[in-house]
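Shared between the two complexes below is chain A, which has chain B as its partner in the first and chain C in the second.
So, the complex of A and B:
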């Protein structure tokens, strides 16, 4: 707990002094443009309507709300991954990974500290995206507060879980650019952020179910678009939690090997 | 001319050794665009089977045609974006200290930036080019008026892209921060150029901004010639605009190179990063 708190405080300070504006624009941009493209094509191509089957496969006929919630969740995912999965490779690039390994601090609280700071920042940035959507004329229904809070919590667990094995891959490969962008493209396609995942070919839908973000997305949608009470989303909540914890556990098991590899290769990341 | 060709040859060889076979090319020029194309296609799919779609947008009547429309956009965008990426790599010459050496050499400056862009374009896009040709002929989604239009489409894509690349490279003589290129020319570029959205869907102001980028007109020619079986006169408008834009960009590049080099001589900024 001490480690987590200390990491949170340190990262907060770093962020205040040198806020990564280019990442902010780089993640806000795709979100805003996804919403704008959806808005324009909904009016000009769909003529203000959506196909009849969309309601059956997505559970809502509100195309704009559907895409907006998805774009917001995708921005949350990419932003969290950029902070949490890149925490260790950033330490390596700055030359502090070795000192981190020498301290008696455990990995999990360290990563939790990073994630807590990332969570606060990402929520604030998310408000920028949703504010922009509101200005553009997108109207979202009133969400169910309890399921929404639960949805955000499991989304946090899902993304945190995904980030740990990713961090291991990054420090082992000494490379972040390709790994992170491939993950963003795969997650954006498979997890049903901007369209119902059942439209995909069956094997891809199955692969999407293996990623915890898919279930988290369903919970968030149910909470925001349908104001579903929490007992309706309990199945997705628990499967998302289970998957997120599984990914985190795998990541924590692999991480020591990845760290060893990163150190033996040298600090040339 | 021989002098310029030697510069181009040397640069092409350098780009080949630097880029060819690297994982970044495979990912950023093939895998990511294909995944993003699929995402865009599926996101638009729910809007197709709506009443009156045939009058609003005939392309959307069949999913295959929509996919071809979006794929053409993704392909042309990749050409232009590969040059953004190459300009970004050009700024690494500052970091390795070779930018100053390039400008100390007697090589023609224009040939240098031109060769840098062209070399990177070839190394980056051959893989996706082969893939696109195979996909287009296998899917049978091409509708071409006569064989000469293939050449028109190819030239309307490659020449403006190369000119665009030289312009971006010359821009980097001024700035030490190349991340702005990446941020500024990634999402806004595909949006205003109509890569994922037909131009008629956009408000007038955005259309006007889009016409200032050669990608918009390149894309209009590419889609018109290859997907809608337009003849040469059918794409004359965008072709003319492309010609004007290319001339402007070449003139801009020449001016920027002169001013940039004079400024670098005065401030010694070429080795700073």
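So, the complex of A and C:
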């Protein structure tokens, strides 16, 4: 855990000194935009009501709450992925990957350190988004605190798990933008962040279930919109946790190969 | 236990033409970067690894640093296998590469060394003192709490050297460590390296500054096309440089008889003769031979009626030896269809 703590501290110092405010606005922007568009559609087009069809497919008639929780979760996912999955390719670009790999430190605590800093930062950004939503008039019901805490924890595991194989792909390919944006498109489409995943064709729904973020999203919505107690979400919690751990294990398995490929590219160039 | 880094038939092949990703397997064509290299880098000594660009020096160092895996062969550090015991090997080694940053630009020198100290599990009680000691060693005490992004290139390189020593490595791999450094800083680094070796650290040094290698290394391996072509002390290797005593003579004016006489001398002694003119279009003769032919050449020219305005004798150098050895080495082969 020494490595995790040291990496958390290092990243925190770097972030304090070089936090790009334009990036923060760029991060908050899509979330706020999603909520504003939903708000306008709901008030101006829907007249403050949603169809029975939406209620049946989403399990709630609180359209604004549904969109706000989804937008917040999507922002959390993208921010965590950007920090964790890009950690090693950033090291590579800044010329520090070799000095990292020379040390006897394990990859898991290193990535956990990055993820811990990313988690704190993302939660602070999330608070800004939810504060903005509140100012816009969105009101969320009182959540079940235990289910919400468990939901946030498994969402962390889900995104952390997804980020590790993504990190391996990025450093092996020496490219980040196409990889990360492909993932964002896939999770945005399949995981039910902004619309009920059941509306997708069956094969896509099945693919969505293979991503741990889908179950995490269900847990977060159940905890925040329905104040569901933990025993009601235990199934989704378990599947999210299992899938997140599976992705993390696969990622940790392929990461050393990807690292060597990145070094080989550097050495043979 | 053997206190040394040892390699046995070490090979590293890079793919030249990869298979498509849906057809996994060996690459369609591959070129060896390191080809059957057997080295020994003992503790308490600076060992040189020389070769021209592309000879396989960096690949060798990166394999010894556990950054790359050998395609075949094996290497050990104090009898620990480089692949199987990679984590334990990493505790005993470190690497400093010139021209690579290897430190975090947005952290200060102290924060950088603290971070790497944590990654190397340096005990907390020792870390603070060691950071101060290393910063003093590389002359960065005045910039301890300044962010690295505000450092000059030389200061960054010095910090990189301190980073390379943070775990008190038993073996230090130096890949062009003085690249881009000012002469006084490079000289200080050489003094540090010599002192480390005296303290028992085994150092492997690659450098294009051969005077540096001559000064520091007790033993030198010369590689070409990934293969070992020679090994010896700087003096032994220099002696291998045949035809490398160079005598250069400039005449006041061209004389036909001198051309003939110098040509005859070259044929008789087997020396390599090059003729030309200098900037002022005066004739110039250059003879290369294993022996010093300066006296004989001067006598020949004067006897033939030539007037010598300049005579320069250059003894063979380690650089001549490395170039000669590399020239004589076979071309690297590409394996595959």
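Simple rule for what comes next: the second predicted complex is superposed on the first by the 266 of 269 C-alpha atoms of A that agree within 3 Å, B and C clash if a C-alpha of one lies under 4 Å from a C-alpha of the other, contacts with A are read in each partner's own complex, and residues count from 1 in each chain.
The definition used in the following text is that a contact is a pair of C-beta atoms (placed from the backbone, for glycine too) under 8 Å apart; a residue touches a chain by one contact, two chains touch by 3 or more.
Owing to the predicted nature of the structure, the values given are computational and were not obtained by experimental measurement.
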| item | value |
| --- | --- |
| Room on chain A for both chain B and chain C (clash or fit) | fit |
| Chain B versus chain C as contact partner of A:67, first or second or both or neither | first |
| Partner chain(s) touched by A:52 [first = chain B, second = chain C, both, neither] | first |
| Touched partner set for A:127, first chain B, second chain C, both or neither | neither |
| Which of chain B and chain C A:104 touches, first, second, both or neither | second |
| Partner chain in contact with A:10 - chain B first, chain C second, else both or neither | second |
| Chain B, chain C and vertex chain A (Cα centres) - angle in steps of 10° | 90 |
| Touching partner for A:260 - first (chain B), second (chain C), both, neither | second |
| First, second, both or neither for A:2, with chain B first and chain C second | second |
| First (chain B), second (chain C), both or neither touched by A:198 | neither |
| Between chain B and chain C, more extensive residue contact with chain A | B |
| Least C-alpha distance (whole Å) that remains between chain C and chain B when both complexes are overlaid | 16 |
| Chain A to chain C touching residues, read off their complex | 2-3, 5-7, 9-10, 13-14, 17-18, 94-96, 98-105, 260, 263-264, 267-268 |
| List of chain B residues in touch with chain A within their complex | 23-24, 27-28, 31-32, 35-36, 38-39, 42-53, 56-57, 60, 179-180, 182-183, 186-188, 190-191, 196-198, 200-203 |
| Parts of chain A lying in touch with chain B, wherever the complex brings them together | 22, 25-26, 29-30, 33-34, 36-38, 40-47, 49-54, 58, 63, 67, 177-178, 181-182, 185-186, 188-189, 194-195, 199-200 |
| Chain C to chain A touching residues, read off their complex | 14, 33, 58-59, 62, 65-69, 87-88, 90-91, 93-95, 97, 100-107, 111, 114-116, 118-121, 147, 163, 167 |
